[in-house]
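See the structures that follow.
One chain, subunit A, appears in both complexes that follow, with subunit B as partner in the first and subunit C in the second.
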Partner chain A sequence: MSRRRQIAAAAAVVLAVAGCFALGRYGAYLVHAVAISAIAALGLNLLTGFAGQISFAQGALVGIGAYTAGNLGNAGWGAGAVLAGGVAGGVASVVIGLPALRLRGLYYAIATLAAQFVLEYLFKIVEPLTRGISGMNVSPLVLLGRTVASDQAYAALSLALLAITWAGLQRLMHTNVGRSFLVVRENELVARGMGIDVVRVKLWAFLVSGFVTGVSGALVAFTTRLATPEAFSLQLSVDQVAMLIVGGQGVWAGSLLGATFVVLVPEAIQRAGEAFKAANLLSASREMAFGLLIILFLVFEPRGLAALLRRLGRALSRLVASRASRASPTPAALATSRYPATGGSREKAH
Partner chain B sequence: MALAVRDVSISFGGVVAVKGMGLDISEGEIVGLIGPNGAGKTTFINCIAGTYQPSSGTVAWQGRELRGLAPHAVIRQGVARTFQNVASLHDLTVLDIVKLGAGARGGASPRDAARAFVRGEAELEAELHEAVLGPLRLSPIAAQPIQTLSYGLRKAVDLARALASRPRLLLLDEPVAGLTAQEGRQMAGVIREVRDRTRCAVLMVEHKMDVVMSTCDRIAVMAAGAKIFEGTGAEVQADPEVRRVYLGEP
Partner chain C sequence: MLLLQIATAGIATGSVYALIAIGIVLIYKCSGVVNFGQGGYVMLGAYAAYALTRLGLSPQLAAAGAVLILAAVGALTELLVLRRMLKAPVVAVMMVTLGLLILFRAVCLAIFGPDQIAFPQIFPQGAVDIAGIFITYNYVAAAVLSLVLSLAFLAFYRYTPMGLMQRAAADNSRAALAVGIHVSNQVSVAWAVSSALAGLGGVLLATLNSLSLTLSSIGLVAFPVIVLGGLTSLMGSLVAGLLLGMLEAFTDGLLTPALESFLRAHTSVYSVGALQQVVPYMLVGAMLLVRPQGIFGQRGTERV
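This part shows the complex of A and B:
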């Protein structure tokens, strides 16, 4: 990314974070719900979209982050609790990832599914740490000596952490660790032949992805003020995978687009139902409508919203360019339209 | 001897791919390895590179046993390889791939990764342009994604990736296969140039005899997993057994 674009992106983030304080309570709730889901989706995208390791244990990892941060937050840890949630998520992710060193593809996916069920069970029975089925109340986050209580403040914090995570992961992909993820995703045999320590690279992917997911879990705990086993069930793991499918794997923007879609579409269906006084009917069909939308994506745009928007953007810029050249056809424009360029460099996914 | 391979054998499900193979290579020497398809040439290279673990024999490199080491550990000993078929690695540029080669020198240690994360890789890029991309004339296309390049250029990038790890032994698996005659000659020239500049040892599996004859100091011939002859280009061409097995002469 060029310096100018970096500055523009940083300015946009600062404006968006500041803008959170102008939102109403519901608007702020939607912002932090999307941002927190997007952070976890960034973690899953790193693991699945960039490193090629599918996981169905994302929900449980969010839970590990939430319970760790909740317990430490209640003990007065403050911001350190968010960091600790990330560390716990990273460690748990590495442990869940250990079978991936021997298993591949569907077999590994099933192993992560088993890990999800085991952790869900542990959330219910390790009562001293989780308070069991009734759930654990979490004190508000204390940041720099001040209690973060409002939805607006949590929206601003979540957006800021989303931006930091996004920038950090993007930076990571420009180091040899990140490049190794891509080679391992493409072909493990080639990766080995190139001198890449595949075991170490996979462990890095699990660690970083788990850390990011754990941070998202910590934010879930502080924003909802409650951590219950139901909140971190397989449903959440499936939602996370849906975010990748809808948004686009191996593209950072796909995580945000997918999270926005998965969080806001059910919400919009619910609101529409209330507006048309068909809340009960629409509420019942909400999950079905959401499922149908995902199937449509799989059929018509398997590369997700990110690819769809990129295509739309290109079509729009072609349209603008053709209108401009029709308005004033210069010799250069005429030459381009007669002899369009072939090939050229392809935009990098990251 | 820089490389001393003794009595290496490997089987796959009862099929003997390499049987009692031995080979010595000195520093600065280019040795060709030829033989008909299925002779075990690539398998032999894989045994040296750590991709396959031989069932018996020894692979001594500068006095250190390589047998039992994983491929990434073998590269850290100064042994790099190229591939017969170059993988199309999506989303990676020429420079990305060469940087991966440089990273294979010492592995991606947390310290290196942290330094690259914080400071960027400007120093490494400058070094790679000067030492690898420049001499191979790849600097102008350093920012291009690998899958947009021709097969010949991808082969050159694969060689650049191997050279970026600063090898003392270079294992080349059919470096000119799939290239045009002109590209093949250029690649052969590059290999000689690299040897002259770095004085590294080179083991080259190749089918194109004109390239083998013009590039290699010595040639070993394999058939059915075993070495059947070793000598200079002229000696290989004159040997009746080689002519019968490899060239199909009666």
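This part shows the complex of A and C:
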């Protein structure tokens, strides 16, 4: 990213964070719901999209972050609770990932599925730490001596953390560890041949992805103020994978697009259908639309919304360029029409 | 006595698990696709049978009809969805089967509602008395039917020309194409057979318990079974299915009460919850660390 675009992005983030305070309660709720999901989706994207390890344990990892942060938050930790949630998530992710050092692809996916079920069970059973199925109440986050209580404040906080995570992960991909993620994803044998320590690289991927997911879990705990086992069930894991795939793997913007889609589409259907007052039919049609959209997406656009937007942007700029060239076919117009698509799609993503 | 009672229950559910797991293995062998949505077909089978009885068919005919319907649904899934995704990445294919699961669940929720439904009586009521233990006909029928069908299917796979084509397509699709086998059609057949088996499994499970949307999560229980048996071994799924069925039954019947009484005596923990539901997964976690290819599987057959 060029210096100018970095500054523009930072300004956009600051504006967006400040803008959160101008939102109504419902708007702010939507913003932090999307942002928190997007943070976890970024973590999953790092693991699956960049390092090539499919995980169905994302829901449980969010849960670990939430329970850790909730307990510590109740004990009076402030921002430390959020960090601790991240650390706990990272450690758990490494433990879950240990089988992945021997397993590949599908087998690892099944191992994470097993981890999801076992952790979900533990959330219900370890009552001293989780309060079992009735759920644990979480007192609001205390930040710099002030209690964060409003949805607007949480929206701002989540957006800021999303931006920091995004920038951090993007930075990570420019380090040696980050680049070796890509090699491991493409071919472990080649990676080993190039002198990459595959075990170490995978453990890094698990640690960082788990940390990010844990932070998202901490935010879930503080925004919902209640941590229950069913909030962190397989459903959440599946939703997370759906975000990843609908958005697009291996593209950071894809995580945000996917999270927006997966959180807002059901919300929109809910709102639209509330007038009809048919509870069964409503939740059924919500799920139906969700399932159908996922299937259609994967059949027609397996590379996700990010790729779709990029193609759209390219087509649009071609249209603009052809019109411009008809008016005055300058070399400058041709030059800009060659690679404008990435810029267009990224701006949409912000 | 209690042990035998528990064991029979374990064999009955275990053989149904085997039936469902065989379907997953069949598709995986043939096309490299892991069907996470198998539970959806299980549930559809049960609801289809219920719907057919509501239309006035006798329960036995409805069960047979449901199996046929499910075969058609399976073939259609392959034709409409999976065949278009031949070149898609593995994650996308996994996710599409999960999407199918969500879709099927939602369809059943919309039509039949979220409540449990009493399933029509397919097998005669009552119980057989074998050496002092009573086994209801439901359990006998479920065990016998799934075991016989599993074995029949294994025989079909082994000894018929169609089975040979299936095995050829599964073993090496290019070589199969070269000798004139229509591999995509074989994959369709595999989906049809697999869904039919799942549908039958659904009907049997519904007779054992009752009809509800939770049947769809049975597909995920089948994954410990196939990992334990080896992803590529049909016989392995049969054995592992029985094994896990027994394990679940014994955990539920013996281990949980023993653990709970111990914990209540010594700690403040009151309940260990649905331990039987997680025991298979714990076993799978251990299994994957020790012997990832399963009891009967072969190494080096995973899709890289």
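The rule is short, and it goes like this: the second predicted complex is superposed on the first by the 322 of 350 C-alpha atoms of A that agree within 3 Å, B and C clash if a C-alpha of one lies under 4 Å from a C-alpha of the other, contacts with A are read in each partner's own complex, and residues count from 1 in each chain.
Here is the rule we use: a residue touches a chain if its C-beta (ideal position, glycine included) is under 8 Å from a C-beta of that chain, and two chains touch if they have at least 3 such contacts.
Keep in mind that what you see is a predicted model, and the values were worked out from it rather than measured.
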First (subunit B), second (subunit C), both or neither touched by A:76: neither
Contacts of A:194 with subunit B and subunit C, given as first, second, both or neither: first
If touched residues of subunit A are counted for subunit B and for subunit C, the larger one: C
Which of subunit B and subunit C A:313 touches, first, second, both or neither: neither
Shared contact residues on subunit A - subunit B and subunit C: none
Subunit C residues within the subunit A interface of the complex: 34, 81, 84-85, 88-96, 98-107, 109-110, 113-114, 220, 223-224, 227, 231, 269, 271-275, 277-278, 281-282, 284-285, 288-289, 292, 302-304
Partner subunit A, residues of subunit B touching it in the complex: 49, 51, 70-72, 74-76, 80-81, 83, 87, 89-93, 96, 99-104, 107-108, 112-113, 116-117, 120-121, 143-145, 147-148, 161, 165
Subunit B-touching residues of subunit A, taken from the complex the two chains share: 171-172, 174-177, 179-180, 182-183, 186-187, 189-190, 192-197, 200-201, 204, 250, 343-346, 348-350
Of all residues in subunit A, those that touch subunit C in their complex: 48, 54, 98-99, 102-107, 109-111, 113-115, 117-118, 121, 124-125, 127, 234, 238, 241-242, 244-245, 249, 280-281, 283-288, 290-292, 294-295, 298-299, 302
